[in-house]
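The same chain A turns up in both complexes below, where it pairs with chain B and then with chain C.
So, the complex of A and B:
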């Protein structure tokens, strides 16, 4: 019997044991029954720590001799720092150090996340040349936080200001730089569009948007000799450790990143940023630990949110609404000296079948912090364009917005010309429409109302690629029979602690409560970036492999060790279930894992699971975990791999005031097999809720005189509150996808937001007859 | 810095009296987190906009970031660390948050829970819409709102039924 068989037997025995766990069914497609098996609805194992206040987040470590740093930011968007007067700050009580561009340590430029070798020039986290408002120009370190705040206000910076390009609408902005790698062309899109009997063409804009995780960024940096420990919320411990090591010219192994809990990231916590260099520099210069907590207003410029985007989508179709051509042009903003490409054609090129296609993209340099990743970078604004445009086409042709999507269903990836690994989008449309009651929709705009509220029903689809990578994990079976999983991957709320406990529990055959998962310390087994919805697939695969190897060792010992109670049995294999070992035939003894390890004199069993190719070198591994250079394409091999969803949304628009409220959401989603449906549903809903905020509320407002974000706080940059959100129904239509991950799952976290904003814009059009192509959909655009 | 800039204060937190010396400008939030190591109360904005720092003072929900530590002297402060029973039995709201998966990253959670306990006590958990309105001061970027509403609804029913049993 193979180990796989052992596992099946164990599952069978679990089903017969009514004492075990919660008997709620998991996702119907995965067949799991018990909460603690993979696919079960186990509650978060890190939950008790989070609801009692025991969970210590990174900057909450209490260290002796801790000092506090506060940043000083530029108040101009372009120019030079002429001088910095630090005298008053230096003389302020408790001040230990005032850092300026002139008195810091020389740092090296670090390798970027793609693995590009850095130029041999110094890295200056405090700027002399100012390229955006809110750039770090100085920092004050003091004994107490209050003293540092007070002294930072005394730092006087004089500037030589030059004209700035404040945003994409600035007349000086120009057309930008063509990004040739974003160009996608097949057929003759322009000619086919010109010849099409039905044509729609419109421009769709999204503003600057911000991640605003509830935990602001920050860190504690502590040097002991040439060893640096950094407690910092992180979506990528190994990548950030590499950056710190390269900045300070110390070996990678000398830097330890610790990030046991992360108060939300949404793409913003994957990299070490300038303030991290400032804090680590100050800690080195002072010889004592430094805490730097980025203030909420500073989080709007200490790193980048989603770039503002502009798209034009032209659809040419036949009289029945079958698309003949898609012509797409996109622009996103980037910074003066950094490059961020938000791939605006990513959904445009795969959602619908078309014989002719053209997509091109430019980036425009403006005086902003370099933009960054925000939940589904690329796919999110891309879907706003194409999923609005096809809705416009449906009205132009005169058919139902759901029907036009089915009529143009892409049976295979039209860009890669490969079959989908799995695409349950048709099932998503059907399940969502049924639960929502779409068939009762009156087609004409302004045809459904409730008193003075206009009611609109909109639909839109979403997708996100399956990003795959190699991973590793350590699994130990300890003397007391418990299991320990270690990985330097992280849990920022997706449920990593929980699903890895479920994976190890199922494989080894112990209750999930007997599994301890340790994450968020770069001393543990290595891990690549937690982003692009890749972690669950990568890490369940690695833990499955490690746990399988550990179980093999355990069973091997039990069969062959002369001191094992099973030695005389001469069995080929044994089963492990509920922490107990027995013969599959039921003959012979039954002992606990702890008893067996005791009898054979072992304190633990340890196995590393590693999914990298067998001939990988140490350099390959380093590259794999500290860059994204080794990530596997979602279209590599024979299939194109994506998760899919369909959102059905009802809005109510006040006819007099133009206020929009989302009153109902039904979304059907295909993320393949769900490792824990309870937690996956939470992430899907979280994405949908962020999408409601994006559609109706979120917009970074630029002061055109100073290039400053004026609403850089949580009262003025509006995100959805509890009162903005109705009940949300999510339906899983996924099936296990063996081409996407070891255990059959596809991405969960990014998917939910993709398509929400266009579904709302489409619903608003249905309610009001007004097509808003400029997010957010605020009342002045409707009255 | 000289001792003249510090003042002695006594804070009664979760039933225990703490004596500390702080600058008068120290907020209750920083006193809890940085001076007393009670880091369960979270700093999300430090300007009264997000609700992550919600604690109870004399049973009322209060933003610890907008309250000076000295203002809380002589009053009963409850933070998340003091909500469960002494024997570790979870408060009904805590248990409901876990069961309903009413959080993801966990950072807004202590504030949400303290707000929810007060929301129920204030009699503002009568309907889902009322819960949404009276919980709207606590932001959650992970988007756990529907599950927070479910947890508050569940806890309110449990608390009401246990009070009936008791009376």
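So, the complex of A and C:
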């Protein structure tokens, strides 16, 4: 398929400009000389295809005989489906099938993402027992989309409704279930807090938030015999292929997932969801390809956004603001029949040094869709709690909010008791403060203004663990001298196409524009989930390994093949640069890769590389790519590995209207070595922009009588627009971290958002003297 | 969405005749109509496309006022040099409405006719009770999520906010809606919900907006539209004010004042009490702030929209004071 052939053509970044502006910004990544080598500022190679519309997204595939499925959703939040009257829908023009829980195929329950073996019970993607409003209860398949929509409106569902637990504040919700694995304790936190001369204690809340990717979800499912092809935007092809295979009881190899382009996922596209099962089931029953496009309103309930959270953070400190104790309690909501734990103590336990610590977490079941991952799950709300609390402590003690963070700097991981692999957070504070001009800050709240605008400056730190796993890649050197990289990993805008081209180009010694990267097809070399900022580290390592093996083969052929022009040279090694092979000393011939392959009569060289331990079995490998069971802990071995950042933010609050506008952002970030600073900067900025939306705008609003989200569209669920975003300056302070990944990078994608919301809340306090502990900070909270 | 027949009108009369047929609805830019059809709120049986009608998209401005054809695009009106200079509030209101894409599609006639953003109104599958949609069915909003609902002009039957920006500016400057030969003052064109919230406009079946005229006035020439909202762009008003002012020769005493509120009432809301209180007075911050409180006389909140009662007078005061600054 041509859609996969993303060539790394240069656009604005030509050779030699990789250092542009970097040194001034303290970019400590080891500056590569060429834009197309690892570390260079190569522009996104998939950019032109997306801008011109040439990139075909999953549901845009044209298939003969395509039919269209539309979901029918529950209109109650709790109860039972008493009956479904499908007669009118069946009789509606063009209708091929009306699916209900009673007439579908019997599916198996699939293994979950952790690799937990499934119970031997059937899986029904259409609900008989309704546990949230918006749940799929039926589906209509018709010749055209319009016919399916019209018929879906004719399906009459009768319910026996029962009282719903609508949210965390519902009196019926209770205290929830303690999650023991989230408990972290050392010292005697309660006693130390009680004895501390300075104490702050407050509750911090975050609402339901949604991923709102530009491309809504959906798929096309097509069966040929017992072979299933699914075109679906996916952050995890092999994981989702496994799920489909297990649902339908066919071998993993029989399912092909295709997902060359993804219009944003932010955590929401890693799993196969119920609507996928519905579409694949309908396709099998009809013997025709079925398209199911999830509507924007359905993206609020077809899968989960970030769970609403509640935290209490108590900090006890001495008179100089040195923390003596942290007592943290967290609660997140989950669904009635599914479990989602949003780890709320994840930043709390590592950001600051403290001799006494206690964190516990409960999970409360409410009638909602099971929540899911949204950019930096856990770390994001966790940072809102601790980074707001330490700001409150700074005012209580009467010292600068930046100074209190330095005073409590954790020199090593206080939880794991291990040294950091690298922690450039002090450098981030310094570089950010300098660029922002923090030293000019007037300490008192409400002390800076411009007409009606109260001005506030806030700081907060963020962190994200380095998630690691093993990777696999196929690298081919083709007869024309170009290089091909294949992986079933994906590019949802974060730059996989580009950095893998850079990696292969650097290793093999060809210009990046001669590298074709093929992603997003589960037939390619396998890959684990693209999530937790782990893909770049995993895949550059795997491509590096496979490309090195391919290069070794190439050089081996050149040295030993009797028909090679280098045969007579009896060299030990050869160098390949810019697509040409020569001896290191420059004596003897110089030929292009294509010429060499021609003279030795080879059409291509192929090397599959993986970074799995040598003794891994086929089953280990399967597990590694289809579950996260084999992922490596960030504290495994001698080090604790994390990315770090510090955000400095200026807000302007209209004192009459309560409206908050972010007017300046300077963030300094430590993601280790950057494989491509340009793309890393874009990702950081993307995270910061999402953080601004989270701080000021985003909130799923529940009608508490009906347990239903009422702002399930992009006119009413507000995300930041361009007008809400000022210029954002990002500064890289990372250094290569050999303990985190093969090439020295840490995580990039999740990091940027962590700490933005508390930095804004802290700035709002500085501006107004009002502490808002409930996100989002909307105008009525300040008026 | 269900099947409908599509008619392309080739004359105003043909459009009117078609619009009188049962189940017929006019289609202009489609940004409200198609949206509501997708939500299942409108189910037209006949869609009468008026976008090809000639001569309805003109904008003419002279000393007597402005005449804007019903099919003029929001963006064309917003960007019209004479509208900008003689009716700045009208241009401001349009610029701050919706998004660039919508403004390029949407027409002035359609804009006046846009429906409320009440989330219950927009979701018939989940909230069958809505007096505006189905008279007598009840109101799902009362007792529910009301952050965006009106505090002025509400009734027991309906508390839905009229969301448009343009009409707020029009009502401040006594604009007139032309329904062919019949003319209705814009303030009378929009109806209070009372016991019949389904009836929003003084327009009869078979009638069509052909133009809007705005009489010239000194106050319109010195006017502004101030829109306050959580998001900087692409959001309906939390509260807005259209204000126009004319001073006596001393440049400080208010001779004429026009004030209308948006985002807080069930229809574009003229605040005559504020106008009267300030006419003949010197423009001074305290006087203006005090008088602006009259804007929300009789306001009733439904919980989450209480902030609008605080906010609206402040928006009015700021807009009036801003007009004074440019004296």
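Quick notes
Basically, the second predicted complex is superposed on the first by the 755 of 783 C-alpha atoms of A that agree within 3 Å, B and C clash if a C-alpha of one lies under 4 Å from a C-alpha of the other, contacts with A are read in each partner's own complex, and residues count from 1 in each chain.
Assume contacts are C-beta pairs under 8 Å (C-beta built on N, C-alpha and C of every residue); 3 or more make two chains touch, one makes a residue touch a chain.
Since the model is a prediction, treat every value here as computed from it, not as a measurement.
In the superposition on chain A, contact is made by A:133 with chain C only, not with chain B. By the document's definition of touching, both partners, chain B and chain C, reach A:723. Taking chain A as the reference chain, the count of touched residues is higher for B when chain B and chain C are set side by side. Shared-chain residue A:600: touches no atom of chain B or chain C.
When the shared chain is aligned, chain C comes close enough to touch A:783, but chain B does not.
Once the two complexes are laid over each other on the shared chain, residue contacts for A:715 go to chain B and to chain C alike. When the two structures are aligned on the shared chain, A:659 is found in touch with chain C, with no touch to chain B. Of the two partner chains placed by the overlay, chain B and chain C both lie in contact with A:146.
Chain A residues in contact with chain B (one complex) as well as with chain C (other complex) are 146, 715, 720-724.
The touching residues of chain A, counted against chain C in their complex, run 73, 75, 133, 146, 149-150, 153, 452, 654, 656-659, 661, 696-697, 701-706, 708, 710-711, 715-716, 718, 720-724, 776, 778-780, 783.
By the touch criterion stated above, chain A contacts chain B in their complex at residues 43-44, 46-57, 60, 62, 93-94, 143-147, 211-216, 261-264, 266, 293, 295-296, 492-495, 678-679, 681-683, 685-690, 713-715, 719-728. Against chain A, in their complex, chain C makes its touches with residues 1-3, 40, 117, 119-120, 123, 125-127, 143-145, 147, 228-235, 238, 304, 306-307, 310-311, 314-315, 317-318. Residues of chain B that touch chain A in their complex: 1-2, 5, 23, 25-26, 30, 33-34, 37-47, 49-50, 52, 79-81, 83-84, 90, 94, 97-99, 101, 103-110, 113, 128, 131-133, 135-149.
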